[in-house]
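I am attaching a structure below and will ask some questions about it afterwards.
Chain naming follows the written order as A, B, C and D, and within any one chain the residues start at number 1.
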Amino acid sequence: MTSVLIDSVNVRFGDFEALRNISLNIDSGTFVTLLGPSGCGKTTLLKTIAGFTPLSSGKMLIGGKETHNLPPEKRDTAMCFQSYALFPHLSVANNLLFGPKQKKLSKQDQATRLQDIASQVSLTSQLDKFPPELSGGQQQRVALGRALAIQPGIMLFDEPLSNLDAKLRDSVRFEIRQLQKQQGFTAIYVTHDQAEALAMSDIVVVMNKGAIEQIGSPNDIYHRPINRFVADFVGAANILPAQVLEQHGNLYRVQTALGQLQVQSDQAPIAKQTYIFWRPEDMCFDGANASPNGQDNIFESRIIAKTFLGNITECLLDPLPHSHDDANTTLACDKKPSIRIQNLGFQRAEEGEQVLIRVPSSNIRFLAEAF
Amino acid sequence: MNKQTLLAYCLLLPGLGLIIVFIFVIISMALAQSVGYFNFSGSSTFTWQFWQQILADHQLSRAFFYSLKIATISAILSVSFAYPLALWLRDPFRGSQFVSSLLKAPLLVHGLVAAFLYVNFISFNGFLNQIFVHLGLVSRPIRMQNDSYGIGVIILQVWKQMPFALLLLTGAVQSIGHDITDAAKDLGAGAWTRFVKIILPLTLKALQAALIIIFIGAAGDYSFQIVAGPIDVSSLAQLMLRIQANDANGWNLSATVAILLMLTALIGSALLALITQQVIKWGAKR
Amino acid sequence: MKSLLLSLTVATLTFATTAQASDDLSNMTWPQVVAQAKKEGTVVWYNWFYQDRFRGEVKSFENHYGIKVIIPDGSHDANMNKFLAQSSRPTGDIDVLSLGGSDLAKFKPEKMLIGPLSNLLPQNNTLKYKMEGVDSKGYAVAYWGNQTGIAYNPSLISQKDLPQTLSDFSAYFAKHPGMFGFNYEKGGSGPAFFQSIVRNVVPDIDYQTAQPTANTMAKLTPAWKWFNQRRGQYIITASNSDSMTRLNGGEFAMVASWEDLTASLQKEGDISKAIKFYIPKMTMPGGGNVVMIPKNAPHPAAALLFIHWLTSAKTQVTFNKDFGSVPQNTESNSHYALVNKAERKNSSLWPDKPLSDAINKAFINHVIFH
Amino acid sequence: MNKPCTNRLITLLVIGFCCISLVLPFSLAMLWSLVDPGHPWSYPHILPPVLSLQRWVDIWTTTSLPQALLHSYLLAPCVALCSVLLALPTAYAFGRLEFPGKQAAQLISLLPLIVPSFVVALFFSSLLNVLGIYSRFLGILIGQTVLFIPYAIRILSVSFSLIRQEIIDATRDLGGGPITVFKTAYLPVLKPGLLASIIMIFILSIEEFAIAFVVGSPDFVTVPTILYSYLGYNFIRSNAAVVSLILVVPNIFLMLLMERFLKARNTAVITGKG
């Protein structure tokens, strides 16, 4: 039950800037995910919080306490390593008890703690085994249990599920979230898997190139990304450069490589020349039966490729030149984009077929990024 | 026996086979000579007389305890110096390559040369004494050459063997993942606890290997002993060679010393390794 | 003494087959020997000391006769062992072997050596065939005379204060502890010193004839007591050379040494010219080394010619000048010696070899490892 | 605590210590080696009165040092080659085959390392006596070869185990014959191991004291016998200094060479333990 306050933190390794001006406020008891591609600095940030990596500048408070010069062993954090980092020469029981022994718990307390933790992570029957004798999932549990055993205020997870197969990953993900809710610790969770981030977190922090791109709830991050990076990294997105032509209330007319499109937005674009985006599932093939209010965008495309994924069908579209197009207002700078579309269930459309596509204007959003 | 096993055993012949034959013959030779066979100067018959003569010799027990002392202290000191250096050199940093090459340099200086350099350094009119006199620490140079405690030999052993221990331990320490030590740190273990509970147990094999090899080398030392060793006590190897050269039954008598030396080296190093293991296990459990 | 007796038995069995060489030589005139020697072209001299310097000295022989001299780096014991071990082979590696005078008592010269050299060498009447109390019957000829004594540093002890008698040494040791050094192995000067002390402490033994019986050895106990009471007043060094190196470094005032070692170290610039040498009145032994030709020498004529050169008056004078050895040819003088004629009278004979070895061993057991 | 700063401090300390224990003794030896034969460096001179290279010339021209170097540097490559050749089949079996008793065999292969070298040397020479082998060269060659085979076995069996079966399979799949397979799959992986073991045994052979000294004495001079003569028996400081320095020079080059080949390799490769 500990908050973390990170203020203008920079971390440099020689000439390389691993973290740039990071500021982050994590409330006690929240589940925060650090999401980003590999090399974005998310693990560095985690290790900085744990105390393994010293700050080059800025300050960090854990539970309101300045962490400067506080070594990892003195911090109220416990880390779950990607590699598990189990002590191979110690039995499962001794692995779990390693932390409590450092905290000088009495023998009595150690025993009860061991029983608690072992049952929490379902390892009661494995206590006398050694890590190399366990399966991957069991090792993961030992790592989790070992960190839990010191009852930390903050649990740090460094991609803890990346070495598990897909099925196991789902169940462990659920268990971790359950545990966090039960115990109420603050969790900081590093992952590059956007689905995992969206599924688990209260707050998602999207990072790129050592800096934070966006902080928000999973819903915000998915539906209201602020820039092309976030939009593209979290889920699939169709992103087009757009020139705002005119505005009628919250309805905007923009010029794109697909021709003129209508965007319904409560938020004004940040510049005349900006980006618009929509999710592949926010469009459909039923262009022929468009609603009569005229706020839907309809254009003709050819299907280049079609992939049936079971629950959905994904197609790659090649938009055809717009019949009403005004040649001199087309954005010449952009080459013709290809568009992704995802619809539920099996779709009958065939590759090479020409179809009419509909994107409701309310599904298109402006990104807070100009070009 | 299937075909592959047969093939494997055939392949072992030129290398391993040679080793086994060679060592077997040499040990048998020593054993046979120690009980009177292959006597070059008398009749070759079975006899315990050489064993009785050697075991009753006051020099032997002195040489035995002396060699044991030198070997144990050298082995322990070498690894105690090597550990901190290995830990320090675990992560590369600017100049770490240079430092580790520098530290390994003694491996390539011949033992006799090292002994000479040492004696030259500490001799009555050597550099160290001149410095002492100049600094006014002593009025007349101190006599340090061939000290009767074998300190010179131990210094030389450590100087020459420490790099070897360092080589072994650096490899072992580097193979411990950073995550493991980070995890220990994270769970509240300080530097000493991490060393005792994580690093020592995980490098136990390399530590034992270093101890064994240094112990055996130091127990059988001849070159440091003859140049820098005490005058009034011999090492086992020195005694063995002296007896061989100076006595009418030299070969047979020295064979008994050879077998004792071999036993000392083997049993001593095994004991040292075993004790180390127990101590470390006890330390890790605590 | 590796394979002493074994080799001896083998040697007696095989010597009949290898006995021709000496016959050949004795049938030749001296010019024939020289011609044969030149034909052989090489001579291998097993000498255990100053090998590097002798390589320089033998240049004049090599240049004069065009015969190459090879001097291996073996030690005294190793050379002796090799000679004995090889004696059973029809052809060995050794042409000329150097040994201490008393070493000849260890084997039968007439069975293992070519000779007698006294019949083969042209300058036979000016040479010595008896050394350190052993008569080689003409099979081994003296080429090197040496004297043990004490080298001292005049800046640390003046000539008039030099200890001469046993009581002088007792007094000096007590007054200046740690200023006197001697070795007990790797060189014979240290043993010469403690043997001399032993003879002075226990005078009622005839050291030239007594055998090392238990009775004789028991009599020596007072001598060991003498040393053990003064432990710490004298310093045991690692070797002859070590003694000299440390004398030169100012660590000691006096060390036991050889006359030839002292002179040649000075000549080579290894120690200061200021170092002096004397033979104390309590006497210290002097002796010498001899050369011989093994029966199975690969180049017997060259060996004979080499010995002729080695023992010539001219070479002996050169050695006296370069090494401080005592010339062994009656025709050469010795003005380069470090000690004068009067002092030379303090020279004694070495104890008989078995007794000498027993004393050394007893000293190691009773004093060094006490 | 600032880590780079502490590091620099310790680095300086270690380098300083190395200077005291390495550079200083060698410089002193250098000083002694330059003492002019005409002007001995003796008490109470603090520094040698006259310096010259005369001793270097003398030692090189009058002693059997050149011969010793020749012998040692002739022996070393022979020993290295023999050891490696004899070790190859065993290393292959250890690295690529599974058979009963493999662990025991691997342990036994370390035997020469754990028997004190002077015991081996002494009774090996006694064995040569009994067998009637008089060639010192051959004697030392046999003895050292057996003594160093374990190193070659350890290094090479790791090399063999690093060869990937997929690459062998792929080469054969693409139509490569045995020679092509050897060239593409074996050689690139074995090469560093071969070089490393040859260099390592070369150095060990030159360093080896016991066998070279005991078997070689008295007349087959090698580097160790020369060293023993000049540093032990006939210890004269200046000459000892010259001999030491002359013998250290090739070692420095060998060290640089070995550093290059062993750089990235785990030490377990070298020692076979840990």
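Here is the rule we use: a residue touches a chain if its C-beta (ideal position, glycine included) is under 8 Å from a C-beta of that chain, and two chains touch if they have at least 3 such contacts.
Being a predicted model, the structure only gives us computed values, none of them experimental.
When the partners of subunit B are compared with those of subunit D, the chains appearing in both lists are C.
Comparing chain pairs A-B and C-D by the number of C-beta pairs in contact, the larger count belongs to C-D. Work out the mean CA point of subunit A and of subunit D, and you get 57 Å between them. Subunit C and subunit D have Cα centroids separated by 38 Å. Distance from the subunit A centre to the subunit C centre is 93 Å, each centre being the mean of its Cα atoms.
Residues of subunit B found to touch two or more other chains are 40, 125, 226-227, 244, 251. Of all residues in subunit D, those that touch two or more other chains are 43, 129, 232, 235, 237. The complete set of chain-chain contacts reads A-B, B-C, B-D, C-D. Subunit A meets subunit B in the complex at residues 47, 50-52, 71-74, 77-79, 81-90, 94, 98-99, 102-103, 146-147, 150. Of all residues in subunit B, those touching subunit A in their complex are 177, 179-180, 182-190, 193, 197-198, 201-202, 284-285.
Residues 1-6, 77, 178, 184-185, 235-238, 246, 249-251, 361, 365, 368-370 of subunit C touch subunit B in their complex. Those residues of subunit D lying in contact with subunit B across their complex are 4, 7, 10-11, 14-15, 18, 21-22, 24-26, 28-29, 32, 43, 46, 86-93, 97-100, 102, 105, 108-109, 111-120, 122-124, 126-127, 129-130, 146, 149-150, 152-153, 203, 207, 209-210, 214, 223-224, 227-228, 231-232, 235, 237, 240-241, 244, 247-248, 251-252, 254-255, 259, 266-268, 270-271, 273-274. By the touch rule above, subunit C contacts subunit D in their complex via residues 2-3, 46, 48-49, 51-53, 55-56, 71-75, 78-79, 81-82, 85-86, 89, 93, 153, 155, 186, 238-239, 241-242, 245, 248-251, 265-266, 268-275.
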